[in-house]
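The first chain written gets the first letter, and so on, giving A, B, C and D; residue counts start at 1 in each chain.
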Amino acid sequence: MLEVKNLSINFYDTTPVTKGIENINISICEGETVGIVGESGSGKTLTALSIMGLIEDHVKIDSGEILFNNKNLLQISAKERRKIIGNDISMIFQEPISSLNPLMKVGKQVEESLKLHKNMTKDDRKKEAIKMLELVKLPDANIIYDKYPHELSGGMCQRVMIAAAMICHPKLLIADEPTTALDVTIQKNILKLISEFHETENMGVMFISHDLRVIRYICDKVIVLYKGKVVESGTVEDVFNNPKEEYTKKLVGIKNGKRK
Amino acid sequence: MHKKKLKINKFGAILSFVIVLMIIIGIFATPYDPNKMDAASKFSAPSINHIFGCDQFGRDIFSRVLVGGRTTLLVGGCTVLIGAFFGMILGAITGFIGGIVDEILMRINDVVASFPSILLALVFISLLGPNTGNVILALGIAFIPSFARIVRSEFIKYKDADFVKSAKLMKVGKIRILFVHIMPNIMPTMLATAAIGFNNAVLAEAGMSYLGIGVMPPDASLGRMMSESQAYLSVAPWCAIFPGLFIVLMILGFSLLSESLNRK
Amino acid sequence: MKKLNIKKLLVLLLATVVVIALNGCSGDKQTSEVEDSSSSSQNLNEPQMGGSIVVGIPQDIEDSLDPHVAVAAGTSEILFNVYEGLVKPDKDGNLIDAVASEHEIKDAGKKYIFTLREGIKFHDGSLVTVDDIIYSIKNLADVGKMTSVFSNVEKVEAIDDKTVEITLKEADTEFLAFLTSAIVPKDTDVAKNPIGTGPYKYISRNPGENIIMEKFVDYWGDEAYLDKITYKIITDGNVIVTNLKSGSIDLFQRLTTSQSSQVEDICDIYEGTMNLVQALYLNNKVKPFDDVKVRQALCYAVNPQEIMDFISDGKGVEIGSSMFPTFGKYYVPELTKTYDVNIEKAKSLLVEAGYPDGFEFTITVPSNYQPHVDTAQVLVEQFAKIGVTAKIQTVEWASWLSDVYMARDYDSTVIGVDASSLTGRALLERFLSTAGNNFINYNNSTYDEVYSKIRKTSDENEQVELYKELQKILSEDAANVYIQDMANMVALNKKYGGYEFYPLYVLDMSKIYLKK
Amino acid sequence: MKYILKKTGFLVITLLVISFITFLAFNIIPGDAALSKLGTEATVDQVNMLREELGLNAPFFSRYLSWLGGFIGGDFGISFSYMIPVKELISGKFMITITMTIMAFVFIILFSIPIAVFTAYKENKIVDRVITFLNQLFMSIPGFFLGILITFIFGLTFKIFMPGAYISMQENIGQYFYYLLFPSVAMAIPKTAMGVKILRSSLIEEKKKRYVRAARSRGNSNLRIYGVYMLKNAVIPVLTFWAMTIADLIANSVIIERVFSIPGIGTLLVSSIANRDFAVVQAIIIIIAVIIIVMNYLVDLLYKIIDPRIDLKN
C-alpha cells in the first residue's frame, strides 16, 4: 500500500547542506504495523512528515518516490495531496496538548477531517465525532466535545488526537512517538487503543518510536534508522533476537542488559 | 534569517552612524551660522551653497537641521535615560519585593499610563513653561511606566530562577542580587526597550516642538521648523520637507538598529 | 512711505487695485466653487445687492458676545457690524451719529445731550427707546469692563422720550469717543442672543468653527450689500493662503506679505496698517532698563526697516512713539528720526551707562502671534551687534497677561498695543505713573503733569498739541524701543469690492459688495 | 463580577487623581480665565471683579469640591471663554475627533491584517523583505509630517482636496467624511505599519506551533490554516497594541488637527489650556482618560472571549 523508495532528504537552510535521510526504503501493506526505531535525529519524524508532505520549504526531497496505492505523492499537486492526508493517511504526534489548537473546542478539531474530506451535515459530523470520542474511551464524550485542550489531561488529548486521526477511517496511520510525552500507565492504554483500531479497521500503521519495548509490543516489522540511513530491517523477531548490525546490537544489547 | 538580519543591521547602522556623525560635526561647525539672517537669500531654493535651501529669514536650513537634530537627539536620549533609570528602579522594587508595595506602585503606574504621554507633556509644559529641560522632564516621566512594566515582568521571571535562589542561600544581600545577579540578565531586554523608547521620544519631541512647546526660537528645532514653514508650503516646500525627512531617516536608522537588538 | 495718513493710504490702495486689475484674472479653477460664480473681474466693478461672503478670522472669538463684557479686539471687530453706539466711527476717524441722530456737548464737556434717531429698530424689530440708552450707559458704568471712563458718569436721564442727557462728574471732552459703546435692548441677555442696531444681525456661532450674520433689512442707514456673512475661524495661519486660493474664504485681514503675495492672482490686495504700536516694551523698573542711556542704546541699535524687510518684505510704517499714523491729528512723524541706527553711539551709551561689554536680558513674547516672535528673532540679531545678548522666551497669551501685563514681572516684551477709542488718551493714558495698565512701569513726572493739563483743558487744539508733547517725551526718554505699525495686508477675492480701512480695530462689512 | 467591581474602583480612583492633579496644575500655572478674557484693556479691579464673577477667588479645595460635585452630578460646568455649558461645547468636538479616530482605526485594521498575513506567509521571500522595509520606513514617519506631505502632494499639487478646509456634518455629510479622511489616514499609516510589524512576528511565532502541523496533517488548506488557526492565535498579543492605538489616535489628534486645522477636541484642548478655560480642559482630559481605561477593560474582556485559557480573576 505504501512504498517509500530510496528517499533522500536534505536541509538547505544551513551551509553546508546537512543530510536528513539517505536512500530509505519502507513498505507497508494493509493491516501491517511497521515500527521505525532510532535515536532522535536519525530521521524518523522527517520520514513521516515527508510522507504527509508537511516538510518545510528549506527541506528538499532530492531523490526517491513515495507511492501510496501506486500513486507517487511527490508528483501530485498540493491540492490533490490534501485530499489524501487526513483522509486516507492520517497522523498522530507526540506532545498531544500542544498539537491541539488551544482556541478550538476539541470536538471541532476531531470532526474537522470530516468537514474537509466528507460532505456531511453539521449534526452528522457532531454525532460522528462524539461516537469517535467514545470509541477512544473518553468518559462522557458529549461533554468532552465542548471542552478546550487546556481543560484535558495529556492522555485525554492524545485520545482526542487519535479520534481526530481515525474519524475518516484512514488506510494508513502514522504514529510519531504518540506515547513518549505520557506517563507509563497511560502509555499502555494508548498503545492498546492503537492496536485495537489496527485490528478493527485493518489499517496499516507506521509506528515511530525510540522505545524498543513499545515497538516490540505492537509491531510486526521494524526498521532501524541510524544517522538517516536504514541500518537494518525485518520482522520484529529477527531484528531483536539476532541483530546483524553493530548499532542494532548495541541498541538491543542495552535493552536486554537492562532487562536482566 | 541570518543574512537578512545582517543586511538590516548594516543599513540601520550606517544610516544612524551618518546621521549621528553629521550632528556631531554640526556641534563644532555648520556651513552657516544657523541663526544668521540674510534678507538676500530669503526662501532661496536648495542650491549648491544652500543644499537644503533657506527659510523665511534667509537662514540656512541645512545648518538649522543639524542643530535641530542635535536637540532632538539630546531630548530623545535624556528622555530614555530618565525613563529607563526610574523605570528600572520602580520595576526592580515592584518585581523583586512584590507584595503591597508592588500593588500600590503598579496602580500609580497604571494611572500615569492611562494618560497619553503627549497630553501629559502638554499639561506639564504649560505648568513649568516651555524649554528643552522641561520637555525632557515631561517626556521622561511619561516614559517611566512602560519601562517599569517591562523590568517588573523580567524581575518576576528571574526572582525564582535557580541562580537567584542559590545566591539567596549563600546569604548574598538583596541589593547585590538585584544588581549583580539579575540586572545583567535583563540588560538585553532593557536595551531593546530603550531603543524603541528612544524612537518614541524623538517622535514625541518633534510633535511637541511642532506645537510650539519646547526649544525657544531663534534656536532651531526640527518640529518648530516644520510648523513655522507650513505657512509657506506652497512657496518654499523645502522648509518643511527637509527637517521632516531628517527626522524620518533618524528614526528609521535607529529603529532598524533596535530591530537587530530585539532579535538577539 | 514713512509718512502715511488715511488719504495717502487710500490713494495707495487704489493704486494696488489698478495694478492688480492689470494682471488680469488668471483665477484658480476652484474659485468657481464659491456660490454666484457668474461674476468675474473683467466686468464693471459696480456694487450689486445680495450675495454672501466668507470672512476668515485668525482667532476664535473666545469671548462673550455681550458688547459690554467682550474685550478682545477680534471680538469688537466683528461685533462692530452688529452693535452701534450713540455715535460710531467712520473710516476717517470721525465720529458720526448712529443711534442718536444728533448730539451736543455742553459745559465744556460736562453734559452730553443726545437725540434718539427717529424710528431706529433693534434686530428683533422693536423700536429703540431712551430707556434702552439709559440702561446701556448705566450698565457700562456698572460693569465698567470696556474702560473705566464710564465711572466718570454722574447721572443719565431722559429729558423726554426722544432725548437723553448724560452728566459727568468731571468734564471730559473726549467722552464722546467712548459712546461708540453699544446700545443694547433693556434687560436682555445679549450674551445669549446678541441684538443690536447694526447693519448685520447675529444668527449663530459654532465655537472653533464659524459665526454667521445676515443683513438687517430695517437698518436705519445705508442698507448693506451682502445678505450673509460667514466668519470662518482658521486657528493657525498656515492654511489661510490655501483657503483664499481655493476660494473657501473670500476675505482675510492682516496677512503677512509672503501670504498675500501668494494669492494676488485671485484676490485684490489692500495694503494698510494694523493700527498697533509694535515695540520692544521695556520694563522701566528693572535693571538695566531703569537707565535712560541703556534704553536709548537699544533704540540706536534697532533698525525697524530691517525688521520690516524680514517679516513683511519691507511693508509697514516705522513709528517713533506710542501713536500710529492713522490717528492723523495726533501723529508726530518726525519722532521716527529720534534714533536712527547708530551702533557706535549705542556702544558709547552703554559704556556711559556702565555696561562696556553689554549685558544679557530676556524678550518675552506671546507665542500665539508669529510676527511678534519673528520680530523678536530679528531683534536678537540686531542687539548682538552692540554686544547685548537677548534671549527669547515665548509664553502662552494667558501667561503673558498674568506675568508680563499684570504682574509686570519681565525684562522686555514685543507686543502691539492698539487703541480702544478714537482718542489720544487711548494710547497715551497708560504711561501715567499711576495708570493701572502701565505695564512698563513708566514713571515720569513731567509726563504726568502734561497729561493732567490735557484733562483740564477743553480746547481741542491745545489737547492735540499736549498729546504730541507726550509722544515727544516718550520718544526722547526712550520709554520703549518703538518699531512699527505693522503692515496689514488684506486679501479680498476679486469678486468683491468695497473694503475700507478704519483707524480702529474694526471691519465694516456693510460697505463690501459683490461686483456686477 | 468581582473583576468588574475592582476595575470600576480603579477607574474612579484614577479619575479622582487625574482630575485633582489637573486642578492643581491649573492653580499653579500663571494666568487665569479672567485675565485671558480681559486682555490688554484690563485694569486690576476689573480683573478682580471678573474673577469674583467666575468664582475664581474661592479657596482651592472648596472650588475643587464644588467642581467635583457638579461633575458627579453630570454638570461639567461653564466654559469661561465661550460662556456656554462645557457639555454643549465638547460634545460636537468629540464627535469630530471620534469620527477621525474610528476612520483611522478601521483603516489600520483593514490594511494591517492582510499585509501582515501576506508577509508572514511569504516570510523571508523578497516581497516580504521589501514590504517589511517599507513598513519600517512608514513607522518612522511622524504623523504630522505625513500630514504635511499629504497636504503638499494631494492638497497643493494634485488639488484633490482643499488644505485647511473642514466641512461640518450639517453642511454636507459626505464632504465631512471626505475631509476627515486625510487626517485620519495621516494618523493611521504609521500605526498601520506598527500593527503589521507586530502581527507579522506574532504570526511567524504561530507558524512554528505544533498544532499548525497537526492541522495540516488533517488536510487543511493554507487559507484555513492562516485564517482559522493562526490568525486567531496570533491576534491575542496584538489586542493590547490595538487598544493603545485608539488611545494614541485620540491623543495625537492634538497635533494632526493642527496640521489640517480641524476644529476637533485636540484643537479645543490646546486653546482651552491657553485660555485657562479650566472646566473645558478638565472635562476633556477626564473623558480621554475614561476612554483609555475603558479600552483596556474591553481588551481584557476580548481576551476572555477569544482565549478560553484566560481567567479574569488573576
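Remarks
In this section, contacts are C-beta pairs under 8 Å (C-beta built on N, C-alpha and C of every residue); 3 or more make two chains touch, one makes a residue touch a chain.
Source: prediction; values computed, not measured.
Comparing per-chain C-alpha centres with the mean over every protein C-alpha atom, the closest match is chain D. Ranking every chain by how far its Cα centroid lies from the centroid of chain B, the top place goes to A.
A straight line joining the Cα centres of chain B and chain D is 21 Å long. Chain centres here are Cα averages; for chain C and chain D they lie 40 Å apart. Computed centre separation for the pair chain A/chain D is 51 angstrom, with centres defined by C-alpha atoms. Rounded to a whole number, the gap between the C-alpha centres of chain B and chain C is 44 angstrom. Counting partners per residue, chain D has 29, 156, 258, 273-274 as the residues that reach two or more other chains. Looking at chain C, residues 238, 240, 242, 396, 399 sit in touch with two or more other chains.
Applying the touch definition to all chain combinations yields A-D, B-C, B-D, C-D. Note for the complex: chain D touches chain C at residues 29-32, 35-47, 49-50, 79, 81-84, 89, 92-93, 155-156, 159, 162-166, 168, 258, 260-261, 263, 267-268, 271, 273-277.
The residues of chain D lying in touch with chain B in their complex are 10, 13-14, 17-18, 22, 25, 28-29, 124, 129, 133, 136-137, 139-145, 148-149, 151-152, 156, 247-248, 250-252, 254-255, 258-259, 269-270, 273-274, 281, 285, 288-289, 292-293, 296. By the touch criterion given at the top, residues 35-37, 39, 42-43, 56-57, 126, 129-130, 212, 216-218, 227-228, 230-235 of chain B touch chain C in their complex. Only residues 209-211, 213-221, 229, 232-233, 306-309 of chain D touch chain A when the two sit together in their complex.
Listed in rising order, the residues of chain B touching chain D in the complex are 1, 4, 8, 107, 110-111, 114-119, 122-123, 126-127, 199, 203, 206-207, 210-211, 226-227, 230, 233-234, 237, 240-241, 244, 247-252, 255-256, 259.
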